[in-house]
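Several structures are given next for inspection.
What follows is subunit A paired twice: with subunit B in the first complex and subunit C in the second.
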Partner chain A sequence: MIWHYLIRRLFLLSFVFFALTCFAFSLGHLFPGDPLVNFSGISQPDDELLPVLVQQYRLDDGYLQQYIAFLQRILQGDWGLSLASQQPVLFELTQVFPATLELVAYALLISFVLGVPLGLLAAIKASHWSGRVISTIALLGYSLPIFWWALLMIMLFSIGLGWFPTSGRISVLYEIPSVTGFMLPDILLSGQTYWQAAFQDAIRHLWLPAFVLATYPTTVMIRFTRDAMLNVWQQSYIKTARAKGLSRSQVLYRHGLRNAMLPVMRQLGLQFSTLVTLAMISELIFSWPGIGLWLLDSISQRNYPAIQGGLLVISSLVILVNILMDVLHTLFNPLARKQANG
Partner chain B sequence: MPKPLISRSLPTALLALLLAACQPDMPAEVRSGLVYCSEGSPESFNPQLVTSGTTIDATSRQLFDRLLDINPDTGEFKPALATHWERREDGLSYTFYLRPDVQFHQTDYFSPSRPLTSADVRFSFERIMLTEHPFHAVSGGDYPYFQTVDWANRVVRIATPTDDQVVFYLRQRDSSFLSNLATDFAVIHSAEYAEQLIEQNQRQRLDTHPIGTGPFKFREYRKDVFIRYYRHGSYWGEPSQLEQLVIDIEPNNAKRMARLLTHECDIIAYPRMAELELISKRDDVRVQQQTSMNVGFWAFNTSKEPFNNSKVRRALSMAINRDAILQAVYFDQAEAATSLLPPTSWGHNPTLLPVPYNPEAARSLLAEAGYPYGFSMTIWAMPIQRLYNPNATRMAEMMQADLARIGVRASIVTLEWNAFRRQLRQGEHDSVLLGWNADNTDPDNFFRPLLSCNGVDSGTNRALWCDPAFDALIAQALLTDNQTIRRSYYWAAQQYLAEHLPLLPLAHAKRFQAVNHRVEGVGINPYGGIDLSTAFKRPDKDTP
Partner chain C sequence: MAKFQWLYHKTEHGPLSQLWASFRQQHSAVIGLMLFGFFALIALFGPVLTPYDPYLQNPDALLLPPSWDDMGDVRYLLGTDDLGRDQLSRLIKGASYTFGIALITALGAMFLGLLLGVLAGMSKGFRASAFNHVLDLALTIPSLLLAIIIVAILGPGLINTIWAIMLALLPHFVHGVRNTILQQLEQEYVIAYRLDGANNWQILRYVIFPNTWEQLTVLFSMALSTAILDIAALGFLGLGAQAPAAEWGLMVADALDLIYLSPWSIALPGLLIFIAVLSVNLVSDGLRTAVRKRQES
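Right, the complex of A and B next:
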């Protein structure tokens, strides 16, 4: 049954989260300084507060009790205060995390829109010059170091041509209150008279970082779509479909693409952690106020509660997406479904 | 075979988006705003609590006013919140007459019910001097500038005979008193706002959500991202032409420069000196320059072995090739320092010579002091770019190489700015590369914060040098108004420093900022933070 498979995945998920929280918890003790400060983020607790905190964090008890107290706090949403700003870490995360999701989502969108058709084309015209050019470009894009590529794009499009700004999500002169944390919906919700200009400005800011970040997943998409398509094209059911008299494009879309997309989807899940890493680098270069920039700032500021929270959120995201992609792959793929059930 | 729809429509769609993207059409609210790109986040929004230039630039002149100001051209005092003032014959009390109808900021967290009165002035200064004051301990209870000038002991009492008169009673004559009131730290807060915060039990908001009388009012702040100010509509002085002022925070020099070139920043703080020549050739950028009252120095931790030995300090100083540093770090945009005081100060002692560069002599001096084989030490290099030291890490690397020639093994320590300051304060360093920007014209502003015993406690004296003979010299200089007599004390003090070298003065730098060609009216103040209230943007003729 498919339920068995899902339950097994759920078990795996809970084990991974257990390991993750253990790691995050141990950081509080491994970081230099007082564990109380590392967990709470209150840099100088006064004499009244100190015993309350020690009690609340169970710091006089064994590690197991401390860990349980830590888990309870995480679940209750008490992630401590940021040492740098003295604001709740969870609040800051809700401010920066959507920015990263937004950037990654648009980059993925670009890579789908560009990568799948180009990959298809490269497969169909595998021996034609156009197919070879696409494959070469894909390989080139795959091997480009993103920081160098990003700077090159800034040099060309921002400083050289002056088409796009170099940093941020929107010109700081536009005042857009954060409601959802996602810039484009927030602009629509802001009710400002200049929302149209602000929207255009946000798109202008989005272009370069999204394009640079999309480079890697697009090339992955091209390569895997091409390989999968070439592989599928050899299958006997394609020959059968052709023999039935279906046209080339009908076979391509109905039988070819759907089956070819399965391994691509799986790859995307596997590549997601790389994508998040690249997103952090892009955020740094384009001063995109997302979780990556926030986490890097926190590391240079020795802001331990923020590092803990940031790691927890990023690794949870990567694990969730991985498992989600795995589950989707199984649901859509009859062969894998069969294997999953043993 | 029909072409797939997606590959047909894609290029068109992309092109359309691209074209839409490169037509910026800014609405009026946005056009009349100014973006100042600064080099770091402020530590607080209350200038009373800090000495760092980054915080002062971001807050002091934009949000607040002082009782009096210094005219940057003449160096003389001019009225601000006080229209005029009187000093009693014996110099022990000063009476200030306040300007009528000065309005505090109206924001979404505070609505003032009355204009400025003497109670506000009293509140602002009593917070600093009275330990039992309800706000004294809020935000740490440290007032570094006021602690270095020994404010709490020098001012006995503040009286408010009427709503528009404030009287300061001093313990002894203090010729630097008015200068201290004119610094960027001596800002006036609202006592009414403070009362409201006590009721709401949110006292710390006085320092995070400021209310002042300055040309701009606080709107929002996102740490490490930006600060947004609106124009203060009922400002007592000339109102700003800017609807809003945004301080965009970007610690990376290269990125700040890039944003100036793409016109995302209208003004950038601290352009890299290496790039000044390059950008001054562009039509859309102007470079402003002014000599400024500052000094970059190398301070030794004189509370530690072997730096408590003046021979060791002299030997280390002689090992440093200062000309190479001036060229590589300041790009020759600075003067070699012979004394703590810059030559533009009236107290500067012109008879002093710079410490000579002589590794041979340094080596033998070190042997004489008992270290023939040298020793290991740390050089702390501040992580941010300041005027007086545009690149401390580079400087430290050069000094490391110079010191290796006399057998001293130096390692470089650099941390994030706030952590750096915190650990300096704990005296963990052997030596540190820092500097000082004058807050007013008075020479006392260099000596007392940087090298007095009071400066050790308040954390501005990074040499941790406490010498009663030196303290006596600079204290005596404050007892008279006669500039000739004061100068003789300061000359003696500088001579004394040249002999003992608790710190090695390196350079006096010129101040630069790069502005967009459309921006006018930015004042560089040689005595303190930047003033953006007079800045405005000319309309761009190129875009409709």
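Right, the complex of A and C next:
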């Protein structure tokens, strides 16, 4: 049954979360300095606070009790204070995390819109010049070091042509209250008189980072769509469909694309962690106030509670996307469903 | 005639020469291999080839453009940086850092991954399942994040990033080796060999290993391109190689303040990273195609 499979995935998910929290917990002891400071983020607890904290974090007890106390704090939302700003880590995370999600989402959208049709074209015209050009571009894009690519784009479009701004999410002229944390919906919700100008400005800020970040997933999408399509095109059910008299486009859409997208979807889940890595680097270059920039700042400030929190959030996101893609792949693919049950 | 093609098909060649024959037919892959060899030679003999000491500062020649520019100086072929250090020498030296160390890191990850992958592939039941789950976890932590955490524990530096990247590459090798071994274990010739009385070690040594090296080279080439990109990225972020090392990523970061004054000092190191990764990817693609063709024939 499919339920059996879902329950197994759920079990896997809980195991991975368990291991992840273990890892995050052990970091508190592995980082240089006092574990108490690393967990709480209070750099100099005074004499009154010290016994309370030791009691609360159960630092006099064994590691197991400490871990249980850690888990309870995580679930209650007490993730410690940031050593740099003395703000709660969880609060800061909710401020920066949507910006990253926004950037990644637009990059993925671009990669879908561009990558899948181009990959299809490259597969259908595999020996035609257009197919070769697309494959070559995909290979070139796959090899680009993102920080260099981002700088080249800045040199060309911002410094050279002056089309796009180089940093930030929106010009400081516009004051947009944070409701959802996502910039474009926030502007629409803000109800300010200048919302149209602000919207355009946000789009102008978004173009360059989203395009740079989209380069890698787009090329991955082209490559995998092309490979999967070439593979599917040789299957006998395609020949059957052609023999039944379906037109080329019907075969392509109903039998080709649907089957070819399955392995692509799976790969997307596996490539997601690379995408997050690249997002962190492009956030640094474009001063995009997301979790990557926040985390890279935290490391130069030796802000251990923040690093711990960032690890938990980013890894959880990647795990969730991975497992979601895996489940979707199984739900959509009868063959994988059979394998999962058998 | 196609019917009789097998009569003309040369089968006396070993798998290695068959692989080479189909690899050689792909021009892009051969070009990639030549570039790869070029980078490997420079990484190895870099210290002998540099026209100047890469760390020697010349206060009389700051920020010279490349020699073909009107302002350039022919003594400094690719110009100098803001401290008057020769760009060409630094770029050559950088090949040993970025390319050479990536090579060593990927090799180390391959050996460790082979070991763990064999353990994972040959074990059964609870142990195998526990192993898979740990592997799934390791695959989900982005490599840069893992490197950041390791650097946070150990402190920044080139040696620590080598460990970090090795650790980040490891799961891909373990995963790949394990899948190949599981695939091989299902083959009938393995069962036949087992019926002959072979133990696990003999099966591994005489049946599985000879059938996995192709997969291993493909995995290695893919890991190598990741390793180059990661070392350069960490150098760029200031977490990897530290100044004044002539690591390519670090050189890009150093030149950031000079983006208006000397754009070529950003463009050149980045271009080298790009070409190095491209050459590895070309070889990798060629290898994969060649392996597939050989296995199909």
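As a working rule, the second predicted complex is superposed on the first by the 342 of 342 C-alpha atoms of A that agree within 3 Å, B and C clash if a C-alpha of one lies under 4 Å from a C-alpha of the other, contacts with A are read in each partner's own complex, and residues count from 1 in each chain.
One rule holds for everything that comes next: a contact is a pair of C-beta atoms (placed from the backbone, for glycine too) under 8 Å apart; a residue touches a chain by one contact, two chains touch by 3 or more.
Computed from a predicted structure; not experimentally measured.
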Task: Quick one: classify A:250 as touching subunit B (first), subunit C (second), both or neither.
output: neither
Task: Using the superposition on chain A described above, determine whether A:197 touches subunit B (first), subunit C (second), both, or neither.
output: first
Query: Is A:333 in contact with subunit B, with subunit C, with both, or with neither (first, second, both, neither)?
result: neither
Message: Is A:56 touching anything from subunit B or subunit C once the two structures are fitted on A? First, second, both or neither.
response: neither
Message: On the A-aligned overlay, A:148 touches which partner chain: subunit B = first, subunit C = second, or both, or neither?
response: second
- prompt: What is the contact status of A:94 with respect to subunit B (first) and subunit C (second): first, second, both, or neither?
  reply: neither
Query: Between subunit B (first) and subunit C (second), which, if any, makes contact with A:159: first, second, both or neither?
result: both
Partner chain(s) touched by A:314 [first = subunit B, second = subunit C, both, neither]: second
Query: Counting only touches as set out at the top, which of subunit B and subunit C does A:27 meet: first, second, both, neither?
result: second
Statement: Contacts of subunit A common to subunit B and subunit C in the A-superposed view 154, 159, 300, 302
- request: Enumerate the contact residues on subunit A facing subunit B in the complex.
  value: 84-85, 87, 95, 113-114, 117, 120-121, 154, 158-159, 162-168, 171-175, 193-194, 197, 200-201, 203-204, 207, 248-249, 287, 289, 294, 297, 300-302
- request: Within their complex, state which residues of subunit B touch subunit A.
  value: 1-2, 4, 6-7, 10, 17-18, 20-27, 29-30, 33, 35, 219-220, 222-226, 228, 244, 246, 248, 250, 255, 258-259, 261-264, 415-416, 418-419
Field: subunit C - residues contacting subunit A, complex
entry: 133-134, 136-137, 139-145, 148-149, 151-153, 225, 229, 232-233, 236-239, 249, 252, 256, 259-260, 263, 266-267, 269-271, 273-274, 277-278, 280-282, 285
Statement: Touching subunit C in the complex, subunit A uses residues 12, 15-16, 19-20, 23, 27, 30-32, 139-140, 142-149, 151-152, 154-155, 159, 270, 273-274, 276-277, 280-281, 284, 295-296, 299-300, 302, 304, 307, 310-311, 314-315, 318-319, 322
